[in-house]
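One structure is given here, and the rest of the page talks about it.
Chain nomenclature is as follows: A, B, C and D, assigned in order of appearance, with residue numbering initiated at 1 for each chain independently.
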Amino acid sequence: MTELLPVAVLGARGRMGAEAVRAVEAAADLELVAALGSSDPLESLVSAGAAVVVDLTVPEATAGNVRFAVEHGMHAVVGTTGWTAERLADLESLLAGNPAAGVLIAPNFALGSVLATAFAATAARYFESVEIIELHHPDKIDSPSGTAARTAQLIAAARTAAGVPAAPDATRDQLDGARGARVDGVPVHSVRLRGLTAHQEVLLGSPGEQLTIRHDSYDRASFMPGVLLGIRSVAQHPGLTVGLDGYLDLRAGARP
Amino acid sequence: MTELLPVAVLGARGRMGAEAVRAVEAAADLELVAALGSSDPLESLVSAGAAVVVDLTVPEATAGNVRFAVEHGMHAVVGTTGWTAERLADLESLLAGNPAAGVLIAPNFALGSVLATAFAATAARYFESVEIIELHHPDKIDSPSGTAARTAQLIAAARTAAGVPAAPDATRDQLDGARGARVDGVPVHSVRLRGLTAHQEVLLGSPGEQLTIRHDSYDRASFMPGVLLGIRSVAQHPGLTVGLDGYLDLRAGARP
Amino acid sequence: MTELLPVAVLGARGRMGAEAVRAVEAAADLELVAALGSSDPLESLVSAGAAVVVDLTVPEATAGNVRFAVEHGMHAVVGTTGWTAERLADLESLLAGNPAAGVLIAPNFALGSVLATAFAATAARYFESVEIIELHHPDKIDSPSGTAARTAQLIAAARTAAGVPAAPDATRDQLDGARGARVDGVPVHSVRLRGLTAHQEVLLGSPGEQLTIRHDSYDRASFMPGVLLGIRSVAQHPGLTVGLDGYLDLRAGARP
Amino acid sequence: MTELLPVAVLGARGRMGAEAVRAVEAAADLELVAALGSSDPLESLVSAGAAVVVDLTVPEATAGNVRFAVEHGMHAVVGTTGWTAERLADLESLLAGNPAAGVLIAPNFALGSVLATAFAATAARYFESVEIIELHHPDKIDSPSGTAARTAQLIAAARTAAGVPAAPDATRDQLDGARGARVDGVPVHSVRLRGLTAHQEVLLGSPGEQLTIRHDSYDRASFMPGVLLGIRSVAQHPGLTVGLDGYLDLRAGARP
């Protein structure tokens, strides 16, 4: 009989954490050995025998949690924000002294969203034009969305690296805002519509053809397959990985 | 045997005019009796026996052409721009003295586009949120497109008339342009992409549901069914009609 | 001060009924005067002074409930299925003797869905080709969906009435099922995808242009605006109305 | 000054060939040294000094053309169909004896289409459900399209290799054809609509999220960027490459 992988969830009382607890419990190959809230001592991770720690806590706690995990021979899968360049550098040092430990820091666990962003950046090197439309519920405070801004940055970087010239645009006579916001030169349009959740479309165009990559996020359940993939894969990826795409095989479809 | 309807095309050497000539010639119920360029005398319309005159000329010529047609007992189908309020008032006076004559002035002959605009304005009264995305080739000089601006105006007017409150929008922190241009309060986003022709999407949202009305225009051929509909219907619509939607039965689908 | 409209909900313990109770309570112009379950006596509707009765019960109960309401001078808004031709005929007789009473029987209260179907049937008279794609979660047992089948029937009827010829189709060499199911001659394609709820797209095409009408239903909340519209309008529509579209002004957008 | 790459086009009088002639002439880094029709002798390729031969001829001629090119030290970029397993094996033998020669055989030169197919196969390993909708003009004889069938095969192969179970589908009560055609178990739906050219959408779904990859092909111009990419890259890819995706860097977007 296969041994179950012992998993601990930190931040287990939060919304994401509670979902992760359920997802781990429902997975046939995983065993939930600890589910800690903010006041529970980290030491119980050791007695519980956790091999992988899932951190879904708060920016103030995450760096300390990951340090504890690495120092005690555990791997860590992290969905918490707040990882500044300085914190990442500290973590790299720590991992240099613990070469077997794997840490995944993923700003986004939705597999579809991660794939969509990677595909968009890949494709953007081969098309004349590229623009982004992101659509969210009208209670959202910021526009464009963080995901859209990051997608635009990756697209711009990929085009610059490949020597792609700026997209053509003959606009001369325009109403303020019609052509969207520019993020590293890529137009981003933000739609806010009652009934929607979180959606993004990257449109790419060249003479005679168009490629559209769209991701629809309907609810938080969409993050769980990515969290489980992280838990199952982190031991095979020693060192620091930022972004779930580092665990995906993005060439799988290329050569049958 | 059914008699053919005798049709004349003015502006027959222009791109739209040439298409119209071909479309009339191909229609089994129509007979092309004249195809005039800018230097041809209007008198030949009379000798040719035209019943319907299609005007696809230039703003400087169109008002005179329509006057000639009406005064000689013909109906007119007009796709030329340049009809100011003053010109329209003059035409109304002329038609008051020629009650049998029908004139259709249509800024847009694409049936799908006309229907899309009418549907959008109808639906906008029943939804919390509405935004417009219009997408064109990157050689377009103005943004938003004239069709998008007109659609936004009709939507805004329909919502005001029905007492619909402003769409919700919690945006507080934004990059300039992200939320599009405002036309009578309706956000309009303009995408410019190589490979595209002319496309428009109206997005409507309410709690739990979304309605999307999209029109794609791929080439000039799309105007001809509307031109033919105008030719065949103008005699049954005495007086002035502005907009092809005046000839469409928009309730057809409502009650089977 | 405006008087509130007294409303009763039948089937108040069901999922739709519970939503309706909440929606009526939240509406500033309505007053919930009764919320009955299956074992509660209908007589309490009279003592509660209900003016409009919302029936969200079961096929076995709905006809009796509506009869009671009409006979006691109330209007009825009905979302329950099971209205056979015979039952409808009985109801028509009953209403003939109670000319002031209004009854709305609506198989679908999602405004967006009702509008989408009406628009599709209207537009189908003006296009060469029309096909339907409906997309649902993979736990759905029947395909195509009832809404898609009904949309296809209305489209087919509208095209027949307008003398539109069959859509062109040169298919000669095909894999079984590729061209979808035929409902009254209209191809319907059923997609089943994890993550989706209920979505429908009607695609219409003519030379050089395409019109797409899409409706996305994300959750049950989408039915409430339609239920409220029914409650507020039923008194102004004496007699029997089948379909919420009978209460919508579908020409609103046509003539600005 | 940079030296121009000398290019010859075979099948230069055909539609694709004529487009290729124009595209090579318009490219600043390429020089068209020969444009041959079916009756022109291949020997003129040698005297013209061609380094890369583009074959856009007919199935009967292509194998001989490529053999001639390889034996005379030229690279070949091939868009002609008719490459059976036997012909491919012969070509592999020939190339084994000419290790410097590069041959690209590409059934599809539309970069967007090639990328879309590769992305779909990659993503299909990470989603529960996947279906394909392909949309074409109504004069198309076969359904599903060859591209859709090939995409389904690649998707099915990727899922099998990754151990992904069959997509969930509770359908029990269905109209014939509603659920599409099955290609290696993947449902494919074929829409035929006047006004369209060639379009394909791959829909992928998991709990709470959906990924859609859509490609629109509007005209033959869309093949030329792929042909030019082949011409410029073939010398760096000795041996046989089948599929333009072999020349694309599909991981470009993965790691910024």
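Rule of thumb we're sticking to: a contact is a pair of C-beta atoms (placed from the backbone, for glycine too) under 8 Å apart; a residue touches a chain by one contact, two chains touch by 3 or more.
Which protein is which chain? UniProt says A, B, C, D = 4-hydroxy-tetrahydrodipicolinate reductase.
In this text the structure is predicted, and so the values were computed from the model without any measurement.
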| item | value |
| --- | --- |
| Neighbouring chains common to chain C and chain D, by label | A, B |
| Reference chain A; chain at largest CA-centroid distance | B |
| For chain B paired with chain D, centre-to-centre distance based on mean C-alpha positions, whole Å | 40 |
| Whole-Å gap between the CA centroids of chain B and chain C | 32 |
| Multi-chain contact residues (two or more partners), chain C | 127, 195, 204, 206-210, 216, 218, 222 |
| List of chain B residues in touch with chain C within their complex | 110-113, 115-127, 153-155, 157-158, 161-162, 204, 206-225, 229, 243, 245-246, 248-256 |
| Complex contact set, residues of chain D against chain C | 127-131, 133, 135, 138-144, 167-183, 187-196, 203-210 |
| Contacting residues of chain C [partner chain A, same complex] | 195, 197, 216, 218, 222 |
